[in-house]
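Note that the chains are named A, B, C, D, E and F in the order they appear, and that numbering of residues resets to 1 at the start of each chain.
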Amino acid sequence: MCLAIPSKVLKVDENNMAEVDTLGVKRTVSLDLIQEEVKPGDYVLIHVGYAMSKIDEKFALESIEVYKQLAEAAAMEEDAISPEKLVNEDGPLLYKPKAEDE
Amino acid sequence: MCLAIPSKVLKVDENNMAEVDTLGVKRTVSLDLIQEEVKPGDYVLIHVGYAMSKIDEKFALESIEVYKQLAEAAAMEEDAISPEKLVNEDGPLLYKPKAEDE
Amino acid sequence: MADKITLAYGGGGEETNKLINELFYKHFNNDILTSAEDAAVVNANGKIAFTTDSFTVSPLFFNGGNIGKLAIAGTCNDLAMMGAKPEYISCGFMIEEGLDFETLEKIVKTMSEELSKVGAKIVCGDTKVVPAGSVDKIFINTSGIGHIKKENISAHNLKKGDVILVSRDIGKHGSVIMAHRYNVETTAQSDCKLLWDEVNALIEAGIDIKALRDATRGGLSAVLNEWANASDVGIEIEEDKVPVSDEVTGLCEIFGFEPMDLANEGAFIVAVSQNDAKKAEELLKKFNSNASIIGTVTDGNRVVLKSPWGSSRYIELPKGELLPRIC
Amino acid sequence: MADKITLAYGGGGEETNKLINELFYKHFNNDILTSAEDAAVVNANGKIAFTTDSFTVSPLFFNGGNIGKLAIAGTCNDLAMMGAKPEYISCGFMIEEGLDFETLEKIVKTMSEELSKVGAKIVCGDTKVVPAGSVDKIFINTSGIGHIKKENISAHNLKKGDVILVSRDIGKHGSVIMAHRYNVETTAQSDCKLLWDEVNALIEAGIDIKALRDATRGGLSAVLNEWANASDVGIEIEEDKVPVSDEVTGLCEIFGFEPMDLANEGAFIVAVSQNDAKKAEELLKKFNSNASIIGTVTDGNRVVLKSPWGSSRYIELPKGELLPRIC
Amino acid sequence: MSNLTLKDLYTKFRDPATIKALAKEIHKLADKLDEPMRVMEICGGHTHTIMKYGIKQLMPENIEFIHGPGCPVCVMPKERIDHAITLAKQPGVILTTLGDMIRVPGSKSSLAKTRADGYDIRPLHSTFDVLNIAKKNPDKKVIFFAIGFETTTPMTAALMKRAFNEGIKNIYYHINHVLTPPPMRAIMDSGEARINAFIAPSHVSVIIGAKSYQFLVDEYNTPVVVAGFEPVDVMESILMLVKQKLQNYPRVENQYKRAATWDGNVLAQQMTEEFMEIRDTFRWRGLGDIPKSALKLKDKYAQFDAEKIYANVLPNEHIDDHKLCICGKILKGLAKPTDCKVFGTACTPSSPLGSCMVSDEGACNAYYRYAR
Amino acid sequence: MSNLTLKDLYTKFRDPATIKALAKEIHKLADKLDEPMRVMEICGGHTHTIMKYGIKQLMPENIEFIHGPGCPVCVMPKERIDHAITLAKQPGVILTTLGDMIRVPGSKSSLAKTRADGYDIRPLHSTFDVLNIAKKNPDKKVIFFAIGFETTTPMTAALMKRAFNEGIKNIYYHINHVLTPPPMRAIMDSGEARINAFIAPSHVSVIIGAKSYQFLVDEYNTPVVVAGFEPVDVMESILMLVKQKLQNYPRVENQYKRAATWDGNVLAQQMTEEFMEIRDTFRWRGLGDIPKSALKLKDKYAQFDAEKIYANVLPNEHIDDHKLCICGKILKGLAKPTDCKVFGTACTPSSPLGSCMVSDEGACNAYYRYAR
């Protein structure tokens, strides 16, 4: 629906524009839709040239911590279901070409 | 000064434009500057898209006749001055490159 | 295929492949090309000639040909001018998005027809589609290679006494293009044509060919000046021997051009040793009755045009863009 | 020379000669070229590769290169991909009137530098100047020929069990161009580079090379699909083995592109027999530490990408124009 | 400064070990479900994630995905595309629109083909760029063909605000912004839908807030999880839905806490309200007319409303979807793309017949690309 | 129908035998001249004919050609070229002009270089084409940069008349039309000129009539022959001048009877008078200011006069000719092109320093091309 990309704020200018970095790609986006203060170092979500929200680092870190524990727990558990087993048997071939159907 | 090209009228239209032929090249020109009637078959002089005058065939034929006689007379005359003799001795090299001058 | 070429056809993906398979491979079908490798593999032994030309002509279609015919004839002729039989041709299309597929197909078909006349093959190619406004409809580059059948044909070979011939009347292609550019009609047809047969006939007849050149951009004037310069000789041309059609004369009168400055795409100039001149003329006349001996190589270092009444003047390398004179 | 290229420089007369002599011959100086015949004469013996490409890149200058570097690397790389050493190159310039002479000279200089790196020569050329608006600044076509050092490298050669390698991380060139097109800055540099040294090293080491291809337009996706199709095999790629830089990932996130669909100009894919895979990887790593084995040839006829968690999906030939997704 | 890096925001949410762990957990718990869970992901972005990362393949047999109408490009009816094409052909116009909109076919052509005919059509990556184009071309009418869900709408509003503040008078707007809740309601109300769980869009939710889905719980007793964009987000959300099912306690949960809130971005909502109001009805490709499901410019901006200014040239007949296309059924969970007779044959991404094939986000398109 | 063919009008006037015969006759009679005849051909077209057909070489030693200022492109001062360039750069303008005008250098650039910079400059072959360009581009200002002697002036007037009749309002005119008799008088009045015979222009004469040269006979006692364009015409005219000299009876004769008359084309004269009037003074490149030597639009057409409408942007300082250039002397018969220090070196047709080198019709250009 709407691609929005986590990016890091590098600079904010007097025109309410921010220079942001996305893993080595720099662009200038508008902050016109953000109520809170935005500072260099903040993470924001960017959509079609605008910051649409700040990213809440606390929640992000929380999630990351949860995932870490989950992955560790799973690794220790006996491998009751191997990841390969999780995959449907017909692999990626969800669609069989019509020709073969007939 | 002003290139003007003898051409033959092929057609005249209701918009006072004429289609003319110049040895296989056809174009449409304006007759807005010609007082006399112009008809297919007439010869006209064309300049920058306009007929600028009709060509007087009588005078053209007269000239041609004169030239013919002149050429015939010259051919019969003793070749007192051969055409080659008429040419300046230094041929086309009217200008000697500076380098050679020095 | 869509009715228009869009940018998608230049993306290197599915549509590009479709265009290649359904158009180019269809008309240029041969095993080397359709192996679809990064480069064509051909066998070569001995001296080969290698040449390139880009074709940017406007209009694409003109009396007597189109850009595709030019693209094949032009490159094959440059090979022929080195005494080489045109064999393997490469083809780069640069297409403006929005070009009619039909137009492109017409061009490709013409190319295929021309190729078959001379027995050459397109063995590698490339297609780019660029945004509207980035190119005027289509440009084509062709490069070509071919084995040299007769060696040592060169602009540097002219010696005093050699005879200069032209293979037909001059200025036809340039006339047609200029007429279009300045919006007049002409009955002239471009001379655009493959020249290998003529060249091959001269070679087979054992004519002592010194130099050969197709008189393209810059016309006869450019070729003669380049030769005089490369071989450090003078050249004298008899004005009344240079074949010019009425149509070309008419166009030159109107715009103030010189026929010798106009481009040709199926006319060449050849220098032969004096003894072979008549024989060469006879041979060339079999292909085009206007073929003619037009002059000789002399001392000096300029190209001189001699009038029938004994005066003479220099022929210069054409300068600048050809623009109609008003005066 | 004037500061701008005007139409006069394409007329085939004095100005054209000036451009050729004072720019092209100056930088591309070699005896074959400066003999200024209709075609270059070169000696050939045995199998030669012959290829062509047109370069229409916008912008002309970009992080890591320019159109001239591309024009040499692109064509030389296509020769290298057939196991041929790049030797003789043709060059067609199509120039928009008004192009700065300085810009043109920079491009020509770069070409000359690239040529000297691989020991190839421009032996024939052509220059057209077209009216403003008829081309976007400059297009360049290069064609090339070279003797084949290792035969039978072909997209048709893949057999089950063969191993697929990539010579470096992918998507750099495409990223740089897309960043420019959509007005963002990237720290990425185009990977534009001559590849003969790498290929030669593989050949010299006696690696059993099955197929080689530079992953230009259409990227890795296009090469793998073309190979699967040409050899009628399946290919399985391990997603986490495919080297992608952060910068390329970043750009792909922003625009919704796939790194495997992005163009490269100095990255190639090679298929080798299983026994030589490790050795090939080590060799390639000497040139670029990101070189990597990325997959294997399998039964089937599709290209499959396997995720580290066991799922898999198809990689298709890219479709249409690359457009940023908003969603 | 926390010790979160930007790269973490990507890699940690695509971590293979986490994905595997979540898959195991889902398999374990799903065993206990007493009926199959049929989850609609409304958002095309989620469809994309599900297909690209093979999440579908990681699901147990009793969890099924139903791909919703959440692709702004796909839901645009042909007559609206025809509007864009018509506008692009008006004299002195530069037509701008976002990204891959330009390849969507209208009744006879697409913007891409129209551009190929020489008209000035510019695909943009950023709505903000419209301003710069307008400044650089003061003698042209720059029309912004505005598409998108609630995520994208505020950017159009923000553009208008900047343009007015800077006194730029040559931007015109053709508004096609659509709303997310109405089609969800329409699908549930159709009576045929087999959906019994939702993962709600990431970025629409950032703007409108998780609260906007409460009606699905209240009126349809269906669990909802607002889910992030990445594969780990989607996996975790599925797990949360399974747990809701097992608890038999349907509610709106927010998995995407790092960006989405209960109330959403209030400034963005206000900005939208300043310039736009709800249309009586809007026709969705694949779904038909849905009342109050889209926005239009307020009357006081009529002089900048391309739909009004060019009313006399814009075609207005409804154009029916292709009769073989079953997008409507797919969107309701009644069919899969592969059930369509023309899927992958007459209908492909290069020449789509129906709405679900046009964009990378459409269900049929995603199936074609990743799992044909 | 007479038995005259169109081709005759070319070939019979270039006939080698006739040229040879005329050359013999001239040589024969010229022997009897008691002083050298120094003939000015005013018209650059005649210069062209003389050089191209080698007529110079056919003359006896006591007949010398002096090349006059009759090339409308060459006589244009740099400041007027600068006008054209400035006009071409104004927004919304298409600048049209005739043929090789576009390569003439102004003070810094030329129209050809300006076109290369991307401005819309169109070299035309026909004045009439301006009408079509204006119709096809109703939202542009089409400026016609009008150059030429009396031959070309009526066509500009006729264009204006058509445009007004057809209600075309987007053509503007920058008038640089010059007159032939004033520079002839100026050259004769300079006191230095060595000219003692004239061949008068072919096509100027067709318009203004042979009568216009009577002042040369009356006031300067100099013979004049109105001469056709072809080599035979020029040869015959020289012969006629020699005969006048021998008869010691200077008068205006008309060799070009097939096209020129005593009174000229009266309709064309009237057409010109309807729209234009004489300027107080005009600066000629190579010759300097000459009073009443050029035309301008009448005041009542001010709204279509580009010189007035754009007055505030058009540069107006006089720009001097290159200091080494001796065009002025050449035009007065006091020097030959080859006497110039920079002829063929710093000054060539591709980079002309002076007016006589710029067009194919200029004396220096003709020497460079045909007889260097």
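In this text, a residue touches a chain if its C-beta (ideal position, glycine included) is under 8 Å from a C-beta of that chain, and two chains touch if they have at least 3 such contacts.
Fair warning: this is a prediction, and the values are worked out from it, not measured in the lab.
*Asks:* Show me the overlap between the contact partners of chain B and those of chain C.
*Replies:* F
*Asks:* Hey, how far apart are chain A and chain B in touch steps, shortest way?
*Replies:* 3
*Asks:* Among the chains, which has its CA centre at the largest distance from chain B's?
*Replies:* It is A.
*Asks:* Taking shared residue numbers divided by all residue numbers at the interface, is the value for chain C and chain D over half (same) or under half (different)?
*Replies:* Same: most residue numbers at the chain C-chain D interface appear in both copies.
*Asks:* Which chains are joined by the largest number of contacting C-beta pairs?
*Replies:* That would be the chain pair C-D.
*Asks:* Between chain A and chain C, what is the separation of their C-alpha centroids in Å?
*Replies:* The separation of the two C-alpha centroids amounts to 59 Å.
*Asks:* Measuring from the mean C-alpha position of chain B to the mean C-alpha position of chain E, what distance in angstrom results?
*Replies:* Comparing mean C-alpha positions, chain E is 75 Å from chain B.
*Asks:* Which whole number of Å gives the spacing of the CA centres of chain B and chain F?
*Replies:* 17
*Asks:* Give the residues of chain D that touch two or more other chains, as numbers and ranges in rising order.
*Replies:* Within chain D, the residues that touch at least two other chains are 6-8, 14-15, 133, 183-184, 246, 249, 253-254, 256, 309-314, 316, 319-321, 325-327.
*Asks:* So which stretches of chain B touch two or more other chains?
*Replies:* Only 1-3, 22-23, 27, 47-48, 83, 86-87, 91-92 qualify.
*Asks:* Give me the residue numbers in chain F that touch at least two other chains, ranges are fine.
*Replies:* Residues 7, 10, 20, 23, 43-45, 54, 56-58, 70-72, 98, 103, 112, 124-126, 129, 148, 152, 350, 361, 370-372.
*Asks:* Would you mind writing out the residues of chain D in touch with chain C in their complex?
*Replies:* Residues 6-8, 10-17, 35-54, 56, 58, 77-79, 81-82, 84, 88, 90-94, 123-126, 128, 130, 133-136, 139, 141, 143-145, 148, 154-156, 212-214, 216-219, 221-222, 226, 230, 261, 263, 316-322.
*Asks:* Mind pulling up the chain B residues that touch chain C in the complex?
*Replies:* Where chain B meets chain C, its residues are 1-3, 5, 22-27, 46-48, 83-84, 86-87, 91-92.
*Asks:* Show which residues of chain F lie in contact with chain D when the two form their complex.
*Replies:* Residues in contact with chain D: 103, 112-113, 115-118, 350.
*Asks:* Name, in rising order, each residue of chain C that touches chain B in their complex.
*Replies:* Against chain B, the touching part of chain C is residues 179, 183-188, 245-247, 249-251, 253-254, 256, 304, 309-314, 325-327.
*Asks:* For the complex, which residues does chain E have touching chain D?
*Replies:* Counting only chain E, the residues touching chain D are 7, 10, 16, 19-20, 23, 43-45, 51-55, 57-58, 70-73, 98-103, 112, 123, 125-126, 129, 147-148, 152, 349-350, 359-361, 369-372.
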